[in-house]
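Pasting the structures in now, so scroll down.
Presented sequentially are two complexes of chain A, the first with chain B as partner and the second with chain C.
== the complex of A and B ==
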């Protein structure tokens, strides 16, 4: 579950997934391309946690550039327990070897892990936690996220990491960052999007139903409604994510750092051989897809439409938040992914992110608790944490 | 058949900000050791995020306003992808979708009269690094000092038709951008570089010919030679079928005086532009827009007219207004001495003389106009002789903080008002050279020069030459 286990004397232990850069400690981002890469600086979020007394207890494994389903594309192999795929950070938390995990949510893998491991995770509003010092993949939506086994632990760490950072041009103002944990946490109405409940297995369905029960028991009104274009998020996010990823990983060319091929006779071969050897096949497919969507021929037909779709989804969400405090949806289609699932569909991640893409593409905050996901209005983390607390399986 | 050449220019200008466009590294890369001004951000390391340097946007807007452009109030940055070792992130952050300035107009003047050149757009972007080839080791080294140094690219419409017009246009850009103090524009330093797009068509035709693009031209003379060569090559191809013209990028070899095909449009890469999600759109509100607008300098023409109204000749006024450094030196000197003619003469002849002697350009002038004005006052008040004033001017060039009045006093360069001293020196000199005195008295007028020179030397030049001459003649005549 670790790429590297570290000793810490601190009382509060944080495990950082391998997308979080750590000065002096190697960060490979799950890729042979960056095997042994040591950053000259640490992630802002991690630095803030360390300044607040947290100690880094290890780096946890991720799939190549955190793009996959559940770590199956990691260059050093997937983490498999009894035929089931596991997320490194979630395993460290479940083993009680860390109190909180710091992850980069690119394509929902941390939310899927929390949903399947009975953990709590929060993907805060885009721009409220600095992305400085995280391996860039899909910068328009990826967010530094937290995972722990209790709402309290998540909230405590969240209070530390949120805040404006001059080093991140997309960072929100100090006032808005501040509001994340000050805004009213009262929740009165929650919407369940019917068209987001498709393709889920009995376990996930049971989790949704039990969540609705719990909400109602606590006097919260729950209404089932049609989800509209929010269900189109997956397609648009796959386009934006792969295009941005393709551009971001272009920097790994074998010239400056990272993997360099031994065999080459000219510059083009240095590029091609280094990248051919350094990247896995899943990533290469995504690179080619991303590159195609940005070509002069396809930009307006594909990429520009995805940007417009993002705008429509944000608008539809905001319209919902006029009436509801949060939107309930699954985070996964099933309670566990097996090795067989991936053998049957290597690109399952680009389908399974149907549930996580709406919050990724819109930059809205999302929590996972009790195996289900709630998406809230920007800066409404307090409301989401209120619901998370009600749904948490802890103590049940 | 007569042909006309159709030329459009893409001019890259390095902005004179202190720091780079997206990080706080120094932007002054000229003459530093390799990789001295670099950080993880401008080296494209993972995890660093670009933060826009507001000064760059200020300068971009200023440049746009100087060239009569419309300013886009919401301007965005976009990524342009290509692989090259001098581009550490394998993408350049530039402006593709909403450049800072569009639709400008620049007026130029040539032997054929005045003409407007339309500006399509000005966009801000980051520069790439430099590759240094080491022939001995057969290796190539990368220097990232220049990566992320801010540039603007000024894209003209194809409104130019000769080497002369291109030269006038480039000179005009230099003057205006230097006036706004946004750029050095020194082609020899690489702070101004030029891509020339050229095609040839029959005179009067409204259809453009096949375009050749010549990249990274770095001297006006080379550009002129390249335009002449390319024009001849195109006409030759059209008339004599010497070759089939293709839309292509060409490299100009100034030593051989020839251009060579580099790549055709078909083989050119796709830059895959898309909006940079890490740089928020820059919104220029009224307050920001107005503050930049208010900081614009007077245009050269306004200064010229002002100088003419002060009584200067058209020639002098034009020479002063051609360079902002010279114009400001003149204006500051004039403010102190209140004598336009004197101030203009000093700037145009004496200041220029020193600059030439030092091999400096007008733009490198750091002489304080105020000090020059004070120096001029010393001369006008007959406190310092013109000859000694020139010595003081030389000293002012060496040390900008020098106070001319103090310097004159401390170095014994003040004219003597003590006629007693002058009388005494004259008496001594006359007594020491009776032969010259006799010669002068005998009608050899030139003999006075030896006596005059000796007096001047003893008085260390601190006397008005005319006064000395009169006093000397009087003294001899009294003998």
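== the complex of A and C ==
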């Protein structure tokens, strides 16, 4: 579960995933490239939690640069229990060894973990929680997120971490950050996107049906509608995510920090051997893909197209939020990922993010509760948490 | 994606792939190129690119000197240093 377990006397314990920088405590981002790296400062979100009385109880395992399905690309191996892939932070929470987890949601792994572990997670509106002090991967969509076993625990931690931060160039204004937990939390109508319900197993389907039933019981109108181009988010996000990631990881060259190869005869070999040894195969494939999307031949056809598609997706969401308070969809296709799944398709993360990419690419807030995902209008976290409370299986 | 393009991308990204990794990349591209057809079907001709999902404010900070990090602290993570400098192989013969 942990990359490092720490002792804390604090009443409220936070586990930070290995994408969150922690002063004096190793942060490897699941990569051999950063094995043993110790940051000189902690992430802003963690600092805020520590200032509010939370104690860091450990760092949890992630896949290499949090790009994968469920930690299977970590340089020191996946966390597997009875043939099933597990997320480090979710396991720490399920073992009651932490009250809240602080994670970087790059490609949806924290939301998938929450959905499969019966936990609550929130990916807040982009820019409302500072990304200062996180390992940068896909900066235009990655968001510092929270996971816990109750809506209250998530809400309490969210109130601490949201806020403007001058150190993050994409941070929203204090007024907008403040609105996250002050905006009206009333929910009257929820849309279910029919074209996002494809390829889901019986358990996930049952969760969706149970969520619809719970919403209706609580007087919320639920309407099934077609999702239009929102289903294209996966393809567009894969392009943008890999392009941004390939630029971000270009900083790792074995000179100032990170892995340095032992064998080299000149500077080019130092770079090449260090990167070849330091990065895993999954990441190398994504780097090559990302750089190709930015090449002269593909920039307009692929990368620019993905940026324009992002606007279409955001516009479609905004149109939906004119009529609905939230959109319900799965976060995963199945209730558990097995080692066999990865053996059959090592790049499964780039398909499974079909369910998480819509919120990632659009920067919209998303909550996972009761095994399903709800996406809301920007700054509508209060509404999402209202629904999360209705769907949570806490004590049920 | 062909072998020659892949070789160029390896060099560009300072990576040396094994034969298995090359095969992975080629099949990955095949899958992704198939998916890109779904983007081609979306009419984006009159749509502006969206780089930032929400308006980004330019953060303006007061122009004052602040203490950051000590050189020796920064260099503690370095693979090799000498008298305050980062060491790399000789670049001029």
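The rule is short, and it goes like this: the second predicted complex is superposed on the first by the 396 of 396 C-alpha atoms of A that agree within 3 Å, B and C clash if a C-alpha of one lies under 4 Å from a C-alpha of the other, contacts with A are read in each partner's own complex, and residues count from 1 in each chain.
Quick note on the criterion: contacts are C-beta pairs under 8 Å (C-beta built on N, C-alpha and C of every residue); 3 or more make two chains touch, one makes a residue touch a chain.
Just so we're clear, the structure is a prediction, and the values are computed from it rather than from any experiment.
Enquirer: Is A:21 contacted by the first partner chain B, the second partner chain C, both or neither?
Expert: Only chain B is touched by A:21; chain C is not.
Enquirer: A:186 in the overlay: touching chain B, chain C, both, or neither? Say first, second, both or neither.
Expert: neither
Enquirer: Just to be sure I read the superposition right, which of the two partners does A:256 touch: chain B = first, chain C = second, or both, or neither?
Expert: A:256: touches chain B and chain C.
Enquirer: After superposition on the shared chain, which partner residues are touched by A:139: those of chain B (first), chain C (second), both, or neither?
Expert: So A:139 only meets chain B here.
Enquirer: Identify which of chain B and chain C touches the larger number of residues of chain A.
Expert: Tallying touched residues of chain A, the top partner is C.
Enquirer: Output check: A:169 vs chain B and chain C. Expected answer is one of first, second, both, neither. What do you get?
Expert: After superposition on chain A, A:169 lies in contact with both partners, chain B and chain C.
Enquirer: If we overlay the two complexes on their shared chain A, which of chain B and chain C does A:247 touch? Say first, second, both or neither.
Expert: In the superposition, A:247 contacts chain B only.
Enquirer: Once the shared chain is lined up, is A:362 touching chain B (first), chain C (second), both, or neither of them?
Expert: A:362: touches chain C, not chain B.
Enquirer: For chain A, which residues belong to both interfaces, chain B and chain C?
Expert: Common interface on chain A, chain B vs chain C: 40, 140, 166, 168-170, 250, 253, 255-257, 267, 271, 291, 307.
Enquirer: Could you please specify the touching residues of chain A with respect to chain B in the complex?
Expert: Spelled out, the residues of chain A in touch with chain B are 21, 29, 34, 39-41, 43, 131-136, 139-140, 166-170, 243-244, 247-248, 250-251, 253, 255-257, 267, 271, 291, 294-296, 299, 303, 307.
Enquirer: Per the contact definition, I'd like the list of chain A residues that touch chain C in the complex.
Expert: So the residues of chain A in touch with chain C come to 37-38, 40, 125-127, 140-141, 166, 168-173, 229, 232, 234-236, 238-239, 246, 250, 253-258, 260, 264-273, 275-276, 279, 281, 284-285, 287-289, 291-292, 302, 304-312, 314, 346-347, 350, 361-364, 378.
Enquirer: Taking the touch rule as given, give the residues of chain B at its contact with chain A in the complex, in rising order.
Expert: Touching chain A from chain B are residues 40, 43-52, 79, 81, 83, 85, 88-91, 142, 270, 272-275, 277-280.
Enquirer: Would you tell me which residues of chain C are touching chain A in their complex?
Expert: Its residues touching chain A are 1, 5-6, 9-10, 12-18, 20-21, 24-25, 28-29, 31-32, 35-36, 38-40, 42, 44, 47-54, 56-59, 61, 69, 73-74, 76-80, 86, 88-91.
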